[in-house]
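Chains here go by letter, A, B, C, D, E and F, matching the order in which they are written, and residues are numbered from 1 within each.
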Amino acid sequence: MNPFDYDRTQPQQFGGVLPAARSFDESQAVILPVPFDRTTSYGQGTKHGPRELLLASAQVELWDEEMGVDVHPHGMFTAPELDLSGRGLDDAINEIGRVTGGILDAGKFLITLGGEHSITSPIVEAVASRHKGVTVLQIDAHADLRDSYLEEPHSHACAMRRTLAHASLVQVGIRNVSEEEAKAIPGLPTTIFYDWNMRDDPKWIDKAVAALSDTVYITIDLDGLEPGLMPAVGTPEPGGLSWRELTTLLRRTFESRRVVACDVVELCPIPGFASPNFVAARLVYKLLTYKFGSTKPGRA
Amino acid sequence: MNPFDYDRTQPQQFGGVLPAARSFDESQAVILPVPFDRTTSYGQGTKHGPRELLLASAQVELWDEEMGVDVHPHGMFTAPELDLSGRGLDDAINEIGRVTGGILDAGKFLITLGGEHSITSPIVEAVASRHKGVTVLQIDAHADLRDSYLEEPHSHACAMRRTLAHASLVQVGIRNVSEEEAKAIPGLPTTIFYDWNMRDDPKWIDKAVAALSDTVYITIDLDGLEPGLMPAVGTPEPGGLSWRELTTLLRRTFESRRVVACDVVELCPIPGFASPNFVAARLVYKLLTYKFGSTKPGRA
Amino acid sequence: MNPFDYDRTQPQQFGGVLPAARSFDESQAVILPVPFDRTTSYGQGTKHGPRELLLASAQVELWDEEMGVDVHPHGMFTAPELDLSGRGLDDAINEIGRVTGGILDAGKFLITLGGEHSITSPIVEAVASRHKGVTVLQIDAHADLRDSYLEEPHSHACAMRRTLAHASLVQVGIRNVSEEEAKAIPGLPTTIFYDWNMRDDPKWIDKAVAALSDTVYITIDLDGLEPGLMPAVGTPEPGGLSWRELTTLLRRTFESRRVVACDVVELCPIPGFASPNFVAARLVYKLLTYKFGSTKPGRA
Amino acid sequence: MNPFDYDRTQPQQFGGVLPAARSFDESQAVILPVPFDRTTSYGQGTKHGPRELLLASAQVELWDEEMGVDVHPHGMFTAPELDLSGRGLDDAINEIGRVTGGILDAGKFLITLGGEHSITSPIVEAVASRHKGVTVLQIDAHADLRDSYLEEPHSHACAMRRTLAHASLVQVGIRNVSEEEAKAIPGLPTTIFYDWNMRDDPKWIDKAVAALSDTVYITIDLDGLEPGLMPAVGTPEPGGLSWRELTTLLRRTFESRRVVACDVVELCPIPGFASPNFVAARLVYKLLTYKFGSTKPGRA
Amino acid sequence: MNPFDYDRTQPQQFGGVLPAARSFDESQAVILPVPFDRTTSYGQGTKHGPRELLLASAQVELWDEEMGVDVHPHGMFTAPELDLSGRGLDDAINEIGRVTGGILDAGKFLITLGGEHSITSPIVEAVASRHKGVTVLQIDAHADLRDSYLEEPHSHACAMRRTLAHASLVQVGIRNVSEEEAKAIPGLPTTIFYDWNMRDDPKWIDKAVAALSDTVYITIDLDGLEPGLMPAVGTPEPGGLSWRELTTLLRRTFESRRVVACDVVELCPIPGFASPNFVAARLVYKLLTYKFGSTKPGRA
Amino acid sequence: MNPFDYDRTQPQQFGGVLPAARSFDESQAVILPVPFDRTTSYGQGTKHGPRELLLASAQVELWDEEMGVDVHPHGMFTAPELDLSGRGLDDAINEIGRVTGGILDAGKFLITLGGEHSITSPIVEAVASRHKGVTVLQIDAHADLRDSYLEEPHSHACAMRRTLAHASLVQVGIRNVSEEEAKAIPGLPTTIFYDWNMRDDPKWIDKAVAALSDTVYITIDLDGLEPGLMPAVGTPEPGGLSWRELTTLLRRTFESRRVVACDVVELCPIPGFASPNFVAARLVYKLLTYKFGSTKPGRA
């Protein structure tokens, strides 16, 4: 008799115990937790973000009432947490690129869970080396376009400046830009929708989608959302996207573009305050639903 | 001399020390706390909800600036907390029905404070056995239409399916439905306004009210509100009604229908975070104001 | 039918729902909550102390394994919270004296729950005017013997200086004394057991009890306990009595002296951290057990 | 060698370590923390508000993307915290007037950080004695027009009634008015925009600005904002202004009127929950940016 | 290439990433998390206990300075969490017995992590059916000898009464006994060391060990410890064992008896307060160290 | 008129507003906050430690009842926080040495407030280069004698190994040692008093003091205290010194040795839980009192 033949909870698996569990090989989507937290300048720590998001994810309803579908049989495999605690920053960045590249090579739709925003650039580099003409759609309060921050070019405050080496950007919800960034922006391959005036044009979502190329990577810094809905971030900024705005933008992007990978970063859980963790978990499942909601499950 | 002839706080009385306190017999409204919390699947517990709501209620302004009236002289009597801790689930459900039936028989406008959502079905049964043709207006993130959940037909996840045995439903703000529920809904006597698209029709509030019969019971699961405003619930869901949407819907319902009883459920207080408790207390007083705001105080 | 004929929780009643509940007249002990909090210089507020202590008290075991007795049939009646929020300080002090005097006149053993320590002096005045030769046993980190503090003679920092007008003191666990107090102490009718050296004498408990007259009032400022056990106070001080020291001192006092009334003050609940509230509730029940544990229940 | 010749953090300085630090004399703006908290009826205390706001302010981006400017070289000097703990209420009110008057006499743009709302009336008195025809623009959930509260005419609940002695009012976002206030309002020199219906007129912001005279004082009680965005206040009220509404109203006011001073009051920090502190800090910087954003730095 | 060939954190593994990781077959010890929480009457929930204990365990130093040894190469395998959420109480109790029996049959030293204390009786039953003459050493504040509690014989308040069917008891640190229990105790096969007087005998630890038979099961309810050290329990009780007392008692027991299995139960984590979780994790490792510290690693 | 001629709180000054404030030149003691937090492996952050300790210090009583003296007129000047956020680790270590050396050169008694333990070695280096034959008295749960940790020789886990290059050690309360450290210890110039057995010798405090040379530096890692009293540390360990043990050890050391400087490190404040901050602040004042309590104030 196998003593472990019993019902078990699934720690650190997106969705918890799934009716239709799938192996890595069987899964079309892979969720990779990267609790990397080194340069964040303030707060309680994004390194606890993936763990709390996955814990909350067990409460997410698998059926999506908007799309009328349950996509989890497509397979959403949660990989083990990538542990970068013993590495220097450059080494960590390289390792993120190597690991995410391997998952992309296996043909998976990758959603990486941060951790801090500096994980995005090696992933985009891995994506761009496998897909031509990638645009990055970034939802964020901060442009993150500094050339360096506190002498560190891989700070989260520089995340998107590093990313520009590999892809052009469409940045939405921006409401925090330094003077250095403001002066550099006209010369950079980025289209910015500033939070303070983007809604003056009722077509702003259409225009944001139109600015994207055919192949898209999506990076969602959770501080792009309204801080009332999402206070659990390192540097909250008033303003920001509502849930309806965010989901509409994402749905239209998935409907008209080929999204090849995503990340959701900067969740800094607040002890005793679970609501933001649920919101982040639901957002990850929305990404999966928009990606696979109109197709039948199949091999990755 | 009576040693208790002194100023006192009013523990567990809605509104605290009231200028015009009323006895049960003198009161038109009765507030019944039912801190029932047995099947909630996650979180800190709705059993603390009524106590914290009542504590916050002492800060609610009695004058309502929208209606231009102070309704508390109509009498709002807070009954003692119904203690169900020593009972099995079926027994508890029956006791809720018996007690609320007694209050309704006394001709009172009843507002029950949960506790979990499973308290609603016995109250609706009590209401429906005393009033013909009752419709239930439900504000909620979850349809709660499962036939059973974890083998328990009286789980909070089944609250409204049980209620359907006694009344038809109008459900507003719904953004969490299981596949089982989605498949059952077309055959059930319910009209659902899904959160993701209900605002596409600017007349959605009119249509929701129009779907109600003359006699109405209102059940408000606090997770129907936006989680930014109301994070203190067991399973928060992004999306949801704003305060303005909720109060507009309620006001129109009270203006054009006969609302006979209400409940406000699923408040799960977050230690050290008082704002949601205030919001819930103000909501209860809004219900009372809309009910009695256009009439003079009188005997129940 | 009476609609309130149902099981109910007992809000704000010491011990919650008691097997042998007693009316005021039938009770030998009365517990009076006085959430008075005006001059405390720092922290989250002792005004929430009585409410949280009473909430926790429902978990206290009625049988005391040390004394081998359940004293609650002697009757322990919880009076309504004394509300002093609309009064000036002098007026509040007078009202405390008037109300506690009335309870003492009814022949009750009174335990007052603070609130801040300034409530003690009017109670001691009320006690001393009814009993000759009262000594006050004070467990506290602070001597509270300032003549005035921030120009206010009824500040909690002066609580025991005011009390000296009515009774002499035995002060135990003291580890915070101002220079002003240190210089005044030699001329004041007080015997102090300083925390830093009182244990150098293994007979210190005997000596503390020996310093008491026949009739004793006990005031326990919870910061007299070790802050590890009791962190929920306004100004914690390292050092202090252990639970074993405190209960031994109290038991010996009750065994050899006539204790006529007590107070337990300065509980400042920490949201989300229940342990200190339990400790305070158990302490109140220890006082009752030591008082009544060797006699049969009877009329007050 | 000077041993303090080292990099230092700037405690209690708005913006932390500033690239272009300015002395009092060199600064056009002065930020005065007044952690005055005496009569607030509920909660954890506004006295911690200024400290937490200043702590968060070190994370505020100095460049404002809306105005396209960094105004901090105009000079924003943070004065030491005004300590009123040893004073009676009338004395404290007088001292606030004296100190703020001195800063105004030095020709500074003053932003006072509360602390409770009762600090506003002496500042407005100081402003009105130096500028003719001042109107006060108040963003608030509460009218604060009681003539007295708990027998105290300087309670925060009476803050604006006291202010009326010195200036007329335009009150925005009001959603809590007592019956006494409601009856008094028609006879008072105030224009109220009630939260429940002010948005029924799409020109409400224009009308609010039009109601102001040429010279304006702005007082922002943070509970005027939505409680989802700003839960860290003593008495949260559902409803309220969004960030976009507030910033639009403020920008239009600064563009068309001469704003001479402001205050931001009633921040009651929630331990472990930093988002509201960031929002408040950003709001203070928005005030500075709207004030100085269209002019060159120069002498105050 | 295997995309998962990377450094990883070990979620829910005692000790985290271990230098000498061992499979189940290679391990002499097995740690089984059972987050069972159904009947606990108050608090935030023991169901989060195993997860937080395991999270903290990654910080425990593997070398034990008292024993001068690192026992982890003996193998300490953490089994998946046993999920009992879909079962009735009797069914859950049976399943605990079945699963733990299987692990015992494999010859492992089992440490079960609760969850509530009701998990102990089926484990003891499983142990007693495999080993003759087992005594249970219980460290606890509560005797847990009620025959039933709220009509439920498997309540945590009855945990040890159920256990008595399978083994005799030695109970240490007891300071909460109901009258029903007090009267039943003389007729029950248990030796109780009451907290209030056990230290009056300097040989109390020797006597507790002497009362044990050769084969011992140890159950540690964390509320047996001092609440200052261990506040994170459902019903804290002042008094209790110090760390030194507990470790001395455990060491002597392991040195002179054959301990076959243990459990550590009733950890109710307090959000944001990590210290108790560390203490519990260190305690589990102390059990392993005392068990294996004097032998060489080898096959289970 | 000077507009800043008003009563003010003293942010970030030990003791707050002092009756006898002293300038740097007039002060015999200097308190230097160093909120350095880079390599701590877990928790909420020691970088907030100095700020919260200083905030709590305003409540510390200046008169010490043990020594019968108020030492603050000797002058205790709080230097500005040393900001190391823009520096690499080696650079930061050097800067700490340079700054503390400057203060020592001015003849001051230096108390440095951490921040993490890695700040100790450069201070000891600065001390040892100015005083011959220094011994370091370390109170700590962890030996911190690793040669490197995660490839970083200046990790807090290596703090005392680095220190050994400059002085020999006496380590007290140690209860966490890695195997690497255990094997290295016999060859290192350190005397260790392990927590698990040091109290077996009633003369352990005498022996610890006897092991010190004439000139002593004291480093107190707050996790050396019992975690019940001091839970606000990064890696709490059960066991540890009581307040009485710690103060007795310190008093004897100051009485018989020449203590030239101290540090108090690793305070990781827990939001909403103030007691540990008070304990740490009182400890700092105990160091000052033991240092100066037997001498008259005079020039540094």
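Note that a contact is a pair of C-beta atoms (placed from the backbone, for glycine too) under 8 Å apart; a residue touches a chain by one contact, two chains touch by 3 or more.
All figures in this text were calculated on a predicted structure; none of them were measured in a lab.
Novice: According to the touch definition, list the chains common to the neighbour sets of chain C and chain D.
Specialist: B, F
Novice: Shared touching chains for chain B and chain E?
Specialist: A, C
Novice: I want to compare two interfaces, B-C and B-D. Which one has more contacting C-beta pairs?
Specialist: Most contacts of the two pairs: B-C.
Novice: Interface overlap for chain A and chain B, more than half of numbers shared or less than half: same or different?
Specialist: Comparing the two copies, chain A and chain B contact each other through largely different residue numbers, since under half are shared.
Novice: Tell me, please, which chain's centre (mean of its C-alpha atoms) is farthest from the centre of chain A?
Specialist: Computed centres place C farthest from chain A.
Novice: Using only Cα atoms, superpose chain A on chain F and state the rotation angle in degrees, rounded to the nearest 5.
Specialist: Resulting rotation angle: about 180 degrees.
Novice: By mean C-alpha position, what chain is farthest away from chain E?
Specialist: D
Novice: What whole-number Å value describes the gap between the mean CA coordinates of chain A and chain E?
Specialist: Roughly 40 Å separates the two chain centres.
Novice: Measuring from the mean C-alpha position of chain E to the mean C-alpha position of chain F, what distance in angstrom results?
Specialist: 37
Novice: Using mean CA coordinates as chain centres, what's the gap between chain D and chain E in Å?
Specialist: So the centre of chain D lies 56 Å away from the centre of chain E.
Novice: Residue numbers in chain E touching 2 or more other chains?
Specialist: 41, 86, 226, 228-229, 271-273 - these are the residues of chain E that touch more than one other chain.
Novice: Using the touch rule from the top, collect the residues of chain E that touch chain C in their complex.
Specialist: Spelled out, the residues of chain E in touch with chain C are 41-43, 174-179, 181-182, 194, 196-197, 199, 226-229, 231, 233, 235-239, 270-273.
Novice: Mind pulling up the chain E residues that touch chain A in the complex?
Specialist: 1-4, 6-9, 11-12, 17, 24, 35, 51, 55, 79-84, 86, 95, 98-99, 102-103, 105-106, 271-273
Novice: Taking the touch rule as given, give the residues of chain B at its contact with chain D in the complex, in rising order.
Specialist: Going through chain B, the ones touching chain D are 59, 61-63, 65-66, 68, 70, 226, 228-229, 243-244, 247, 272-275, 278-279, 282-283.
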